[in-house]
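Heads up, the thing below is written out as structure tokens.
So that you can tell them apart, the chains are marked A, B, C and D in the order they are listed, and the count of residues begins at 1 in each.
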Amino acid sequence: MIKVGIVGATGYTGAELVRLLLRHPEVEIRCVTARSEVGKEIAELFPNLRGQTDLRFSELESGELEKCDAVFFATPHGVCMQKAKDLLDKGVKIIDLSADFRIKNLQDFQNWYGIEHSAPELLAEAVYGLPETHREEIKKARLIANPGCYPTAVQLGMLPALQNAIVETFPLIADVKSGISGAGRGAKVANLFAETGESFKAYAASGHRHQVEIEQELSNFAREKITLNFVPHLLPIIRGIEATLYMVLKNKEISDAEIFSLYEDRYRNEEFVIVLPLGKTAETRSVRGSNFVHISLHRSPDKRTLIVSAVEDNLVKGAAGQAIQNLNLIFGLPENMGLMQLALLP
Amino acid sequence: MIKVGIVGATGYTGAELVRLLLRHPEVEIRCVTARSEVGKEIAELFPNLRGQTDLRFSELESGELEKCDAVFFATPHGVCMQKAKDLLDKGVKIIDLSADFRIKNLQDFQNWYGIEHSAPELLAEAVYGLPETHREEIKKARLIANPGCYPTAVQLGMLPALQNAIVETFPLIADVKSGISGAGRGAKVANLFAETGESFKAYAASGHRHQVEIEQELSNFAREKITLNFVPHLLPIIRGIEATLYMVLKNKEISDAEIFSLYEDRYRNEEFVIVLPLGKTAETRSVRGSNFVHISLHRSPDKRTLIVSAVEDNLVKGAAGQAIQNLNLIFGLPENMGLMQLALLP
Amino acid sequence: MIKVGIVGATGYTGAELVRLLLRHPEVEIRCVTARSEVGKEIAELFPNLRGQTDLRFSELESGELEKCDAVFFATPHGVCMQKAKDLLDKGVKIIDLSADFRIKNLQDFQNWYGIEHSAPELLAEAVYGLPETHREEIKKARLIANPGCYPTAVQLGMLPALQNAIVETFPLIADVKSGISGAGRGAKVANLFAETGESFKAYAASGHRHQVEIEQELSNFAREKITLNFVPHLLPIIRGIEATLYMVLKNKEISDAEIFSLYEDRYRNEEFVIVLPLGKTAETRSVRGSNFVHISLHRSPDKRTLIVSAVEDNLVKGAAGQAIQNLNLIFGLPENMGLMQLALLP
Amino acid sequence: MIKVGIVGATGYTGAELVRLLLRHPEVEIRCVTARSEVGKEIAELFPNLRGQTDLRFSELESGELEKCDAVFFATPHGVCMQKAKDLLDKGVKIIDLSADFRIKNLQDFQNWYGIEHSAPELLAEAVYGLPETHREEIKKARLIANPGCYPTAVQLGMLPALQNAIVETFPLIADVKSGISGAGRGAKVANLFAETGESFKAYAASGHRHQVEIEQELSNFAREKITLNFVPHLLPIIRGIEATLYMVLKNKEISDAEIFSLYEDRYRNEEFVIVLPLGKTAETRSVRGSNFVHISLHRSPDKRTLIVSAVEDNLVKGAAGQAIQNLNLIFGLPENMGLMQLALLP
């Protein structure tokens, strides 16, 4: 059994890690930490776990993390960077679900996240944990920068088009919508049911942190510097991200079937990425609670624009599920172990 | 008192007309027709009206419509075109909330709506009922083609940018999201709560009927043939449309304040169009149940793209409210009469 | 014009007062106070008011309240009791939407609300502001204790049965469900969308403060000491209360029609209380955004139990609407002035 | 591997059986039947299954069912009774999720369900499939009448109180609320999102079919004829049932701890029934997507009434999960096999 620790398990991402790892056949959760709740049963905060575990929150500094084979950081940015070196030195693998090690360019990180990086020497080593694009590096990694929720959907939706260079690189538009769990479990008026229910809006329309992360990776795919138009919106649902991606085709004569083939070929061996048949449209509910991504392909009536819809569960493939996929890869387990739950539908 | 009839009052648009007109100080609803419900009290279908009216559904052919000063058609397309000539001949004004008279190009209409037009001779006379762009013609009209819900939001959001020619005309992207009432009151599996709740998806991503209507009007604003990229999505809310509009700026040096001024100037005298201060973001709930449109302005981080978010209540400004605005204009009443309800919030 | 002030306009009840009073033909809002937001435009917090008012939040102590004809307190309990005497002395009428003056028994108040009452000498004078049961006193009152949201629905649903003594007084069961706006606009994890959406639960099942208020009033109707079984639940909707009331009939031979007549007779002259025809069931949406209460009557299959369902909008008839109904009564205006909005449906 | 068939897999209960059985380690789904969809891939209707199975809908009469070890009927009532004898004769076990074999009294069945029973000779043999009360019979059964969704929650919530005779048997009140998936996947206006969202109502308040089923079983527990007051309500959520149960205590001196012990003792060995610690309240989300039932215990302030809140996922413990629990028992598998998913939270 692989012994793991989870730092920051009072948030939704941490809770989702617990939910999934409690049923993972090769993992034992050794500790969950949360400064504010030390000593409390985890089932107090997450009553879905009542009767299923005796785990209690412990302190970050309890010495338990060092005894783990791997530690997940489900913390705000700025925490993992402070603990990473010590844990790595003790042979603990780290899967960081925060943004600390996602951005390779130190200046970009500091501009967008507003803090100084305390472990810049680890940036080069950290592997961006999107298995569909960095699988072999992940297998050998000690430190994983688990992708953001939006970046996962946007990258998987744009990747085949950009890699095959069938689309212009400007403008690239990502109109994305996320369920409210993506905003976290903090007590904010803006995320109350009475403020967000029966409503819809964009937010951060003039700039969101995930943009720089997506641009970094898309630039790799496209082998040129990419600038993205990225507008997130807040959906009155709990889980789910949908990204509608607009890319102008270089050649409007390319057929839908050809585009479909490029996507199919790229993802044929990717168990968690499903390209829907032409004529179908992705829905967030089809992947709710699961680690799957669904991608559907569309064309504007004038044939000039490729429109891609990509959906995921922001807490699973967009966070905890992907982190476990990375764990499986690092420890040589089947990549899908503990991750084959089917979406709840309805 | 202006005597009006409502054809097709079993749908949501018809019900909304009744809700608003029952409280309009200068209007008396004389009849509501609905083939399937003849003789039934309207409060049976719409219990919010219980105790507030004795209206019962009558037959289309009852002869009552001819006695009205104005008739609203809240019917599927294909109905109004059959009745229009007779009513007009009897001096009845018509406000058609269906698509029958929106598209000036007969061929376009027939391509997108799949039926032959039975009153093509009225197409030239029909006035497109968006008061913000056709007010003077509306005042003199006998036959109004009330705009579609999506077209209202998209046009009002793009109008100042296109009229002032600050943006390129390709690509123009409208990523729009609508509450489920827009899909009507028909008994369809796809619109069940259990199919649409806690979910989100695009639909008609490769072509939606409202596209041709928007392109027709935008082409007028821009004084050139416009092709739009228009993708509607289904929101798990009852009322509300949000349109996120992406337009590439011709000159990225234009300041946000300059753009704001263009929008402000254009809508200064439009009571129902509110341009939010820079830094604010439009939300559908801010206009729920009201005839207002809110517009917020944003820029991509690279300054090259103007991003506009426009919101409306699809049943009010997107349908029934706008129809009453047209009625007020035709009959010389204050344009806002009966339409000043504030949005329910929360 | 009646000049009014609103204390505590940052909450949902205060916002609803503003929404309704801005359209009241005989009222002018002179000031809205809110400690935490002094100087800020009210439209900043409530964007549905954007462009509709220039009101800004002022301080409680600004001296403006004293110049009003009437002041509404939409504050937590404990505030109004401190300001009441001064304002009354200056001739200002007070409509208190908090609990400060609802409970006539000082000990009960202190037990359930956990604070000492600072103005017990005003308790006897304060009139319980349910117009359907205290109309004549309200007309003459200086100080109104506006009823709680739950108490309004429960009392109106039980009143005719208890007054006519057709039911036993034990057990009396009120299983009530409220939309989340009833929990207020405070930043609490428990009221986040992600915590309350797609879920349902009871709360305060072993004792809720509204119980003592309901028991006090029901005891008056029944002319004996009533003990109620009252369990509130949290609905994943924004607005709306439904109360399902179970009362054992003294005589199971009484017909449904007889019971219906008792309810009809009691409410015949009550514009805002609609008794639905037998066979119909009350729905919260039928009264959303309106001041109406709908009541439907049912029987258990064994005929021994009367089941009543009463619905209201908790922010309108359950709070702000009722407060305005009281204002109208005090100032001799038509009782329904400014309150005839029809519910949004759908 | 146990080979199973599912009759009526186009509904939500059938789809949930497929979702759960595709991941059951000892079951192979051999066929799914649906008259209206013959030949179509099941993933067309339930896109969460895309890429996870090649199952296509076949005809009821295809001869495949007879080759199964067990067949689930997820059909409207009236179907299973027609096929049961033939299948049983061929050695196939039947788990019927419809009402056909739940009611032992033929007259009661015919009164409430409005059809004549075509296989009354099987009624005596059929075992009521609530494992917590009929486990030993289930293990030996050929024909299981899987309980209704409401009856499961109400029985488990009332059982310890009635078996231990600590409560009066009149009145017994069950105020129950169900998510909309309980209304099925039929195309009905009443179940549209726009009709049920942001709303709440009772339905069938004067008599619901599940009442007779609950009374039959409760009478067994209590060893006397029980009459129940049972009012279902429609919640604007997809999955989840909450039952608030009111029972008058015979002796108000009984302590909360004593009552808790009775519940704890009764369910100590029931893996799927969790009695929450005193002070906690059951929430439907805590069991969403899982086979667990959570029960919380409360007291009215006057101590005279025991209030129990019981929650379940209506499609899992209330239908498909319980059916699989029965399958496991019949075939000697661990009772929890394939059923240990934790609820999605948030």
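Keep in mind that, in the parts below, a residue touches a chain if its C-beta (ideal position, glycine included) is under 8 Å from a C-beta of that chain, and two chains touch if they have at least 3 such contacts.
Predicted, not measured: the structure shown is a model, and the values here were computed from it.
Number of steps on the shortest path from chain A to chain D, with steps defined by chain touch: 1. With centres computed as the average of Cα coordinates, no chain lies farther from chain A than C. Centre-to-centre separation of chain A and chain B, using mean CA positions: 38 Å. Computed centre separation for the pair chain A/chain C is 45 angstrom, with centres defined by C-alpha atoms.
Residue positions of chain B touching 2 or more other chains: 12, 181, 185, 194-195, 197-198, 236-239, 283, 285, 288, 346. Chain D makes touch with chain C in their complex at residues 170-171, 173, 175, 177, 194-195, 197-203, 205-207, 211, 227, 229, 231, 233, 235-240, 242, 244, 246, 248, 281-285, 288, 296, 298-302, 304-305, 307, 309, 311, 346. Of all residues in chain C, those touching chain B in their complex are 12, 15, 19, 22-23, 46-52, 181, 185, 197-198, 238-239, 274, 276, 280, 283, 285-290, 292, 294, 340-346.
On the chain B side of its complex with chain D, the touching residues are 12, 179-181, 183, 185-189, 191-198, 236-238.
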